[in-house]
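Chain IDs A, B and C follow the sequence of writing; residue 1 opens each chain.
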Amino acid sequence: MTGQGRLAAWAVGLAALVALPFVYRDPYHLHILVLILIWSFAYTSWSMMGRFGLVSLGHGGFMGIGAYVTALLWNHLGLSPWIGIPVSMVAAGALALVVGYPCFRFRITGHYFVLVTLALSGIVLQVITATRDYTGGSLGYTPNRATTNKLLALQFDDKTTWYLIALAVWLAGIVVWHLIDRSMSRYALEAISEDEDAAAAAGVDVTAEKLKITLISALMTALAGAIYCQYQMFITPDTVSGIAVSLQMVFAAIVGGLFVSLGPTVGAIITILLAETLRIGFGTKAVGWDNLVYGVLLVLFIIFLPKGILGSVLDRLKSQRKVSRTHEQEAVKIAR
Amino acid sequence: MQAFLDIFDIYLLEAVINGILLGGVLALLALGLNLIFGVIDVTWICYAELVMIGMYAMYFMVQYYGLSYFIAAPFTILLVALLGALLHYLVIAPLLTAPPINQLLATGGVLFVLQSFATVAFGIDFRNLGIRLPVLAFGDMNFSYARLLSFLAALVGMVAVYLFMTRTFTGTAIRAISQDRQIMALMGVDTKRMYIITSALGGGLAGLAACLLVLQYDVHPFVGLSFGPITFLICVLGGLGNFIGGFIAAFVFAEIISLGGLFSDLEWGYVLAFAFFIVMMFIRPAGLLARRR
Amino acid sequence: MLELRSVDAGYGSFQALFDVNLDVKAGEAVGVIGPNGAGKTTLMRVISGLIRPSRGSIRMEGVDVVATPAHRIVSLGIAHVPENRRLFPQLSVDDNLKMGAFMKEARGTYAKRLDFVFELFPRLKERRHQMAGTMSGGEQQMCAIGRALMSNPKLLLLDEPSAGLAPVVVQQVFELVKRIRASGLTVLIVEQNVQQVLHVVDRAYLIEAGTIRSSGTAAEMLASDTVKEAYLGV
C-alpha cells in the first residue's frame, strides 16, 4: 500500500469509528467498545517497551497508580481529575524512573528486569491493600459522584461521550506508537535489544534511551488506569494493578502481535470478547474461567505463535509480496 | 540474661527472632527458584502459585479427608514435585531453545492458569487448617510454635538438598550442568532427564514450603501474590542461581519485613523491603554476593 | 574396534567432514593430524555423539553408534576428552572425576577407578578438593583425562591434549599418553603437534578440508613428503 493510500484508509476507518456511536446506540455493545479502546491503549503503552525487548511486568503498578491516585485526590482533596490525572501520571513516571534508572544504569536485563518489575507491581498492589483505610483495600474503591459539575469531575453518564474520549485516547496512543516508530530512538532501542554493549559502543546512550521509552510507556499506562477508573467508577486492586494485570497486558500484546501498531488493539479485541463470551456463557460461575482460558492460550501462543495473530497474518501477506522483507522481520525476535 | 534483655526493647528482639524464623521459609522458597534457574536457566514466575496449590492440597487432605498433618505433608510434597516436573515437560521443554523471555512469560501464563484454576475449583474463600499450635513464651517474648516448626523444617529441607547436591552422582550432575551444558552427554548424562529431576526437586521444595506456610497463613487463590514477589526480589538480590546469596538475602529480607511490620502492618514491611531492594541495586547492582571485577 | 564408513557431518548448512573412512583396532594408538579447521575436532565430536553424521555409519565393536542416544555412547566404551579440556570449573577435582563415573555401569567401580586415576596422576589426589578452574593448564589436562578414564573406557578420544600448554608440560602430556597406552587402552588422538604425536601413535591419518588425504604407519607418515613439507617444516 502506498503512503497516501494508507493514510486514506486510516482516515476512512477513523471517520467510521467516530460516526459509529451516533448511528449505533446499543449501550452494551458501546460499553464493550469503550473497554476495548481503553485496554487497547493500555496494551499499546505496554508494547512500546515490550517491542524493544524491555519486558516489564510492572505496568500493573503504573496502571494502579493512575487509577488510585486520581480517585484518591478527587475523594479526599476534591481535586478534579483534570489535575488529578496529570498528577497520577507524574507519580507513575517518577516511580518508573526510580526503578528504571538503577535497572538500566547497571544493566539489569532479561530475567532480572522481569523479576524486578514483577515485584514492582506486586508491591503497588500491597500498598493499595495496606492503605485500606483510604483505598478500601481489596474491597475496591469508588470515586464520589459529582453533584454539580460533571465535566469538572470527568464523570459522564452517556456511553457516547465515553466512547469518544476512549477513542481519542486510543488514537493518541497509536500516534505516539508511530512517532516512536519513526524516530531515531527506535533504531537506538532496536540496537540495544540486539546487543546492548555493541549499541553502547556505537555511541547510543543506553540508559537514557531506555529511560525515555520507559517513562513514556509508564505515563501512558497511568493515563489508561485513570481513564478506566473514571469510566467504570469502581476499581479494585486486582482489576487495575498487580501481577495479573501486568500479565494480561503481556498476553494481549503477544496475542495481537508486538511489532505492529494495531497488534495490541487486536489483542484487546480478542481478549475482551473472549472474556465477555465466557462471562455470558458461564454466567455467575464465570469467575476465574476467563483467566483460566487466558492462561492456557498465553502458553499456547508463546509456544506456537510467538509473533501473535496480527503479526503472523501480516507476515504471511508480506511474504507473498516481498520475500526479502520477511526475512528481515524474522530476525527480530519477540524479545530477548 | 534479664539485665541484657532489659537494655533492648523486648519487642525489637522478638521481631528480630521472628524475622529469622520467617527467613527460613523464604530461604527455602528462594532455594527452589534458584535451583531451577541455576540448572535450566528459566525462572518460574508461577513458583508461588505452585506453593498455593500445595497449600490447598494440605487443606483438603487434613480438613476434608481427615488425614493427619504429618501424613498429608509427604503427599503434598510429592504432588507439587509432580506438578513441577509436569510444568517442565509441558511448558518449558518445548521452549528450551526459545528466547528466555518467552519461557518466562509462558510460566506467567501458568500463573494465570493455576490462580484461576484455584478460583474455579475452590472458590475465593480463605481457608485454614484449623490447627492452632501453642505459643511459646520465652521471658516476656512470645513465639508461635508454627513458626519455630517451619523454621526447623525449612532448615532440614535445605540440609537435605545440600547433601543431595554434594553427595550423589545426580546432585553433582545437576551442579555441573549449568557450567557446561554441551558436554554433559560425554559424561553419560541425559540432560533432559536432569531437567525433569531438577524441576521435580524445585517443585518438591515448593511443596515443603506449602506444608509449612499453611500452618501460619490462610490459603486462597491469590495467596501466592503475597510471597511470590518477595521471593523474586530475594533471588535477584542474592544473584539468580546463587544458592548462598539467596540464603543470605532471604534472612536480610525477612528481618526487614519483620522489623518493618513491628511499626505498622506487614504489607509495609514488604514495601520497606522493596525500597531496600532499590537502594541495594544502586550499591551492589550485580547482587549481594557478586564478585567485584 | 571403531569403524567409520563414508561419514559426512557438519553444523547446519556448513559441512565439515566429507566421506570419512577410518578404523581403529583394539590396542592401537591412532593419530589424526592436519591443519586448523580441517575437521579434526568435528571428527571427534561425531564419534562421541556431540554432533550426528548426516550420512555414513559409525560402529563401535559392531554396535551402531549413530543409532545410540548421545548420552549412551559413553556406555559403549568411548570416552572423549574434549578440546580445551572442558572441565567443570566451579566443581572440585573430586566432583569432576565423579562426573566421569556418572553412568550406571561405572558407578559400581567408582572407588576402584578413582584409585587408578589417582595412581596415574598423584597430582590430582593432592588437589582433589580444589576447584578445577583454579588449576594450571597441565593439571587441568590431567583432570580431563582422569575424568574420561573414570568411565572405564575401551577407547579414549583425545582432542588436542597439548593445546595451550607450555612446552615442558606438552612433553609430560605425551608421556602420559604413552602410559595410558601401556595400560591397554585404545587411543584415538587428534593433534596439531605432528612431530610429537607421530612418536606416540602406531598409525595416523592426515585430514585436510574435511577429507582424509592419506594414512599410514607413524614411520610412513614421518617419512612422507607431504607431511614433511606441510607439517614438520623440513
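The working rule: contacts are C-beta pairs under 8 Å (C-beta built on N, C-alpha and C of every residue); 3 or more make two chains touch, one makes a residue touch a chain.
As the structure is a computational prediction, the values presented were derived from the model and not from experiment.
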For chain C, the least number of touch steps when starting out from chain A: 2
Of B-C and A-B, whichever chain pair has more C-beta contact pairs: A-B
Central chain (distance from its CA mean to the mean of all protein CA atoms): B
Computed distance of Cα centres, chain C from chain A, in Å: 56
Separation of mean Cα positions, chain C and chain B [Å, integer]: 44
Cα-centroid distance, chain A relative to chain B, in whole angstrom: 31
Two or more partner chains touched - positions in chain B: none
List of chain B residues in touch with chain A within their complex: 37, 43, 45, 91, 94-95, 98-102, 104-106, 108-120, 124, 221-222, 225-226, 228-230, 232-233, 235-236, 240, 265, 267-268, 270-271, 274, 277-278, 281-282, 285-286
Residues of chain B that touch chain C when the two form their complex: 169, 172-173, 175-176, 179-180, 182-191
Touching residues (chain side chain A, partner chain B) in the complex: 53, 55, 57, 98-99, 102-103, 105-108, 110-112, 114-116, 118-123, 125-127, 129-130, 238, 242-244, 247, 250-251, 254, 285, 287-292, 294-299, 302-303, 306, 333-336
Contact set on chain C toward chain B in their complex: 48-50, 69-75, 79-80, 82, 86, 88-91, 95, 98-103, 106-107, 147, 151
